[in-house]
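Next come the structures, one after another.
The following pair of complexes shares a single chain, chain A, combined with chain B in the former and chain C in the latter.
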Partner chain A sequence: MKVPKPKNMTALAPFLLLLAAVVIYVGVAIATGQTQYLTAENLLGLLGRSIALGITAIGQTFAILIASIDLSVANLISVSAVLASSIMSGDPSMMLPAVAAVLAVGVVVGLINGLVITQFEVNPLIATLGMALILQGLLSATFNNFAGEVPEAFQVFAYGQVGGISISLIFLIGLTIAAWVFLRFTKPGSNIYSVGGNPDAAKLAGMRTTRVVIMAHVICSVCATIAGLYLASRLRSGAPWIGRDGVYDLESIAVVVIGGTALSGGRGGVWGTLMGVMIFSLIDSIFNIAGVDAFAKQILRGVIIVAAVAVYAMRSRRIEA
Partner chain B sequence: MMPRLKQMNPVFLVLILLFAAIAILSPYFLQPAGYMNFLKRAAPIAILAVGQLYVINSGGFDLSAGALVTLTVIGSSILLDGDASATWWVIIVMLGAGVIVGVANALVVSWLKVPSIIATLGMMITLSGIALTWSGGAPRGYLPENFRFFGRYLIKDLPLIKILPVAVIVMVVVCAAMWWLMHRTNYGKRLVAMGDNPKAAMLAGVPLTETRIVAFVMSSVSAVIAGILLGGFAGVSTDVGVGLELQAITAAVIGGAQLLGGRGTVGATIAGALVLQAMFTLLNILGFPKPVRDVVQGLILISAVVIAGYRRRRSGG
Partner chain C sequence: MIGDVIFEMKGITKVFPGIKALDAVSFSARSGEVHALVGENGAGKSTLMKVLSGVYQAEEGDIYLRGQKVRFQHPLESLAQGVSVIYQEFSLLPDRTVAENIFLGREPARRWGLLDTQRMQSETQEVLSLFGDRHRFGPETLVGELDVAQQQMVEIAKALSLNAQVIVMDEPTAALNDTECDLLFQLVDDLRGQGRSIVYITHRMREIRRLADRVTVIKDGKVAAAFDDVPETGQIVEAMVGRDIGQFYPEPATPDEVGEAVLTVRGGGNDRIFDIDLDLRAGQITGFAGVQGAGRTALALALFGVEPFDTGAVTVEGNPVSLTTPRRAARAGIAMLPGDRKAEGLMLMQTVRDNGMISARAFSTALGAPDNTPMTTLDQMDQFFDAFDLRAASYDVEIQSLSGGNQQKAIVARWLSLAPKVLIFVEPTRGIDVNTKAGIYAQMRKLAQEGAAVMAISSDLPEVLGISDRVLVMSDGKIVAEFGYGASEAEVMHAATEAHLELETS
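Up next, the complex of A and B:
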């Protein structure tokens, strides 16, 4: 049997997984006689339910591409949502300062993550786990319930529509295109692949690898804060548990990996991640249509994450941890 | 003498300083009731951390440990429902479940080549799904007194130490067994060799799959034991295990374990667990609200890694 070239597989595998998920979705909908789920509107709505995960996962893709990882995104989402809604307090004139403040927090958190990883040579899992604990602690020491209020004008981010398509969905796709252009056509973008693929070679080639790592972490954290802004807009107020409840740290890693980006860095991209997000929401809808119990859903989810990663891992014969 | 002192793991020094601070602030902890109660509370984390150390030394992570603790507590309480005569077989069933979880984790990593962080993350989600499905989302059932014996019972009227919690005996026995396996057998050497460089270890004849299976089983079984202790003194709840896997990893890292490749010792890991518990106790005495624990845990986690890296570079290791 001929083994397909890894390069082709990387591009193809998430697409095949997505196709399989769509086929199962359609099959289950027809089998249970619920064909109302098969409209184009419904299929678009699938992605619409995972905007926050999608934005976070686009950022996480950058961290994973440089062979790093960010476990602090979930708590950063909570911080961002609570901060935005408390600064706004229902006052539309405070929207701009709130967004600026939240994005600044994202930049600072990303900078600290990147600096701890590069300057102190701390394993990224530990560095961002520590950051996650610090953010969570600071947050729960200050807030224990919904804080502030988002003015109606800001709810447009989550609920507004342009030509029948929700603004948030357009934003997610725009973000994906921007990230793709950045990674594919700019120098800093290609540096990310070089550093992730082989940091020593990149360093010897004269690249400032620490800057690339820090940049990737800043992008990742800023995306998480944008996801927090979206959730604040959607829930009309920020709550200190929304990031944790959504398990955005682990789920964003899972969809990035399912989308074909290697945890060892240097391979993959944002379109795969977007497909990973779609696969996740399709799985969710399949369970909903099939009427699977909410808790049993979680069991199947765990199995599917592992199975999907195994599909990629099987072709790599490297011994990994 | 001086070079010896320099080589000593700083975690022991930190532990002594923390104990001193606690003793000065609250003399209660100098009495047997005080320090024994402290050790009792530290027992589950110490056991979990040493189990986690096996997986860390093998070059991986076990994120499923906390969910397994929850499943142990919830499952035992539903299976037993107050029936004291069933305690022994339920404990055996739970330990058996731990073995199955450990073997499954290891085989997914070894056969399917899934990175351990993803494999055990999937296991974590699956196990908490099982616990929620089984219980219907709220704690059910009831743990009989003889099950809670391990976590709650105190042997009283002893000479010198006066009281001795059974949980502390369990901790000492389990940790001693795991110390022996890690530091006094060929298995321990194979484990560290595999964590250091799996390819070299394989070429040197280390059976990677078998070595990994034992490491993950040690972690899962220690999670079940920690669950039995926690069920004893903390009672039944659906979030009893939440975050424990991170505390276990933190404890191992404080003890100087190097992620993605062996070096950690059982003694230093237990000290790491005690440092973590002492830190929580200290914050409690000082009257800080609970969330501050998280901040402090995060800060010491990062600084432990920074210090370990600095020491390693300086010693040329």
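Up next, the complex of A and C:
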């Protein structure tokens, strides 16, 4: 009997979407005569504008791969940005302690998310939404404006360049490679796919599934705090609204899904997510070049997300038939 | 009683990309008869019925319903013409009542679009009365509160309320125990008596003998044999597998193959099982018989730590063990092969290799490459697959593309990486075709011969008797009887039900 190859097909889909987005981008730039947008520098800059989304989405990929989800990332980004800039307060010697403290917060938040989901069996949507509200409440109680200041040395994270390429972009690509290696070549990575694919079967095979779920949530939260550090570096200070204003919770989920990771878990990966991020930036740029109205832009983005998910759903239906 | 031809399919050919699922198949059914449609998994039985009901459209061939040529584009069209298909997986809503399920999608309305609940109730009651007093539930009962057999009755009632003249049943006994099967057989007899025609898809020879008037065997998308009566079982099986299957069950263990007790339970019990004293010996296959709910599955789940024992003591190779989680049980050397492979055994979207490696990975240290654990390397896993003749296009394809038998082999290979001392098979051949069953039995015997203690739980009594060196009978959560190899179905059933009756009357 002939065996379908769904894996390759789903891996290909985000790439085709990305290709289509690039073609439209180039087409629109040429059609409107704005060829200045077609320089290599500009194309690299596209991804550069989505570093925070990219880092968050890499983490979100882990949560979604185990069939969970994390709605607390946006507020966690705000918390870590504010915390980092307050601890640093412009003092370069406080950089290390600040980064350590922020990452520790990420680990703790991820642990709590994971523990609530596995030990109390709270639906991940609710558990992380609750965490989001708690973080927002803590922030609002403590800060109401830009807090602290980031020393110049730390701004290198966002503004530094190595060989003409920004450090943050290199970091994002490095993080993607690291996440890919982890998922593809290590045992915990393989466990993530198993638990996402079928938690009951994983448990009955002797796996400690709760640890895998908790680990995925810790990775997700730590990624969000790194995104917060990046934003603090870029804005030179942390503000309690930057996470929410960036809609990093919903957008990170959207790019993961556009990147071909199944919301039901067990299938997908970080390269797709990175492509999802690029597709999102390209769409934004296309609208900017074409001069599309901001509200129309929002509507079109919504249409594109739903259409992408519908395409994946249709594809998986065909495989089942 | 057998009357006119109700429907006739002539020269049906159905092609899917890359495969000819049906090749010039002809099939018919007369009123007042049960026509058994038999064949291995993937032979084309279900596809044929989907062509009949309009789920699929055939490339070639014609369908005649009461002499009229028809061409159904959608299942609703065939339903309206009195053709109902009851699939293995029921399409019932658990949180709605029986009546609401029966009228799903065609609820009668009164003026202003109000639901005519009274009519739904009375019509449901009317249909249920066709079952005599066997249904033991009413129109208002929630479907989720019914057992599998009763849910099947609801599906049948749905077909009857549509006044179906043709009822197709796709392996209706797959999830039923023996008592429930008997009830179903009576219902089928009734339906036949009412002049309906039943197409009965099954693997089980016993059911064909009990029910069928005619038998058609499909193999590889073609009619392999069509009998106008019910022939010898051997003839049917031969047509199904295309060859003489010879010895179906492997030889029992010889006395010197049986070793020491590997696992002992003394006074084990929890909510569902009581006073369990059990010895599982190396080299021996111990089968468990009993009616549904007798505690066989509960015992397996207790031994594997899913629903642990509350009382009693368990030892493995003489050492006391605490079986409170599946992981602890696995570490103690116990492996369980779940009955519901898709839900509890497999990561359908992961590769065959990943599905095989999962336990080895779960028990090796967190760091390191997934394909090379201290227990099993990928090469060794491939050797396990090869040793069991696991057939796949490659071991890198998703496991959902494999047949049930090959999926089962992958799960066995998974456990072999941990070198288990006790293997618990729950419904080892559910949904597996006849030809592969013999292979699974041989595999179980081989594992026993290599020194494992094998425990087998199955609702298929002939299977339990055929593969087991000894049979333990459970009833109401207790082990009530023990038989050696060669016990008859009658005496085992007697033991399984008698203890039950005694308890009820005392």
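Definition applied: the second predicted complex is superposed on the first by the 312 of 321 C-alpha atoms of A that agree within 3 Å, B and C clash if a C-alpha of one lies under 4 Å from a C-alpha of the other, contacts with A are read in each partner's own complex, and residues count from 1 in each chain.
Simple rule for what comes next: a residue touches a chain if its C-beta (ideal position, glycine included) is under 8 Å from a C-beta of that chain, and two chains touch if they have at least 3 such contacts.
Given the structure is predicted, the values throughout are model-derived calculations rather than measurements.
Residue contacts after overlaying the shared chain place A:Val116 against chain B, while chain C stays out of touching range. Contact with neither chain B nor chain C is seen for A:Gly27 once the two complexes are overlaid on the shared chain. Comparing chain C and chain B on the residues of chain A they touch gives the larger count to B. Residue contacts after overlaying the shared chain place A:Met207 against chain C, while chain B stays out of touching range.
In the superposition on chain A, no contact is made by A:Gly160 with either chain B or chain C. Looking at the shared chain after the overlay, A:Pro92 reaches neither chain B nor chain C. Of the two partner chains placed around the shared chain by superposition, neither chain B nor chain C is touched by A:Gly174. In the superposition on chain A, the residues of chain A contacted by chain B and by chain C do not overlap at all. Those residues of chain C that touch chain A in the complex are listed here as 17-19, 42, 304, 306, 326-327, 330-331, 336, 338, 343-350, 354, 357-359, 361-370, 373, 392-393, 397-398, 401, 414, 418.
By the touch criterion given at the top, residues 116, 120-123, 125-127, 129-134, 136-141, 250, 253-254, 257, 263, 293, 295-303, 305-306, 309-310, 313-314, 316-321 of chain A touch chain B in their complex. For chain A in complex with chain C, the touching residues are 1-7, 185-191, 193-194, 197-198, 200-208, 262, 266-267.
Interface residues of chain B, counted against chain A in their complex, comprise 58-61, 108-109, 112-119, 121-130, 132-133, 136-137, 198-199, 202, 208, 246, 249, 253, 259-260, 289-299, 301-302, 305-306, 309.
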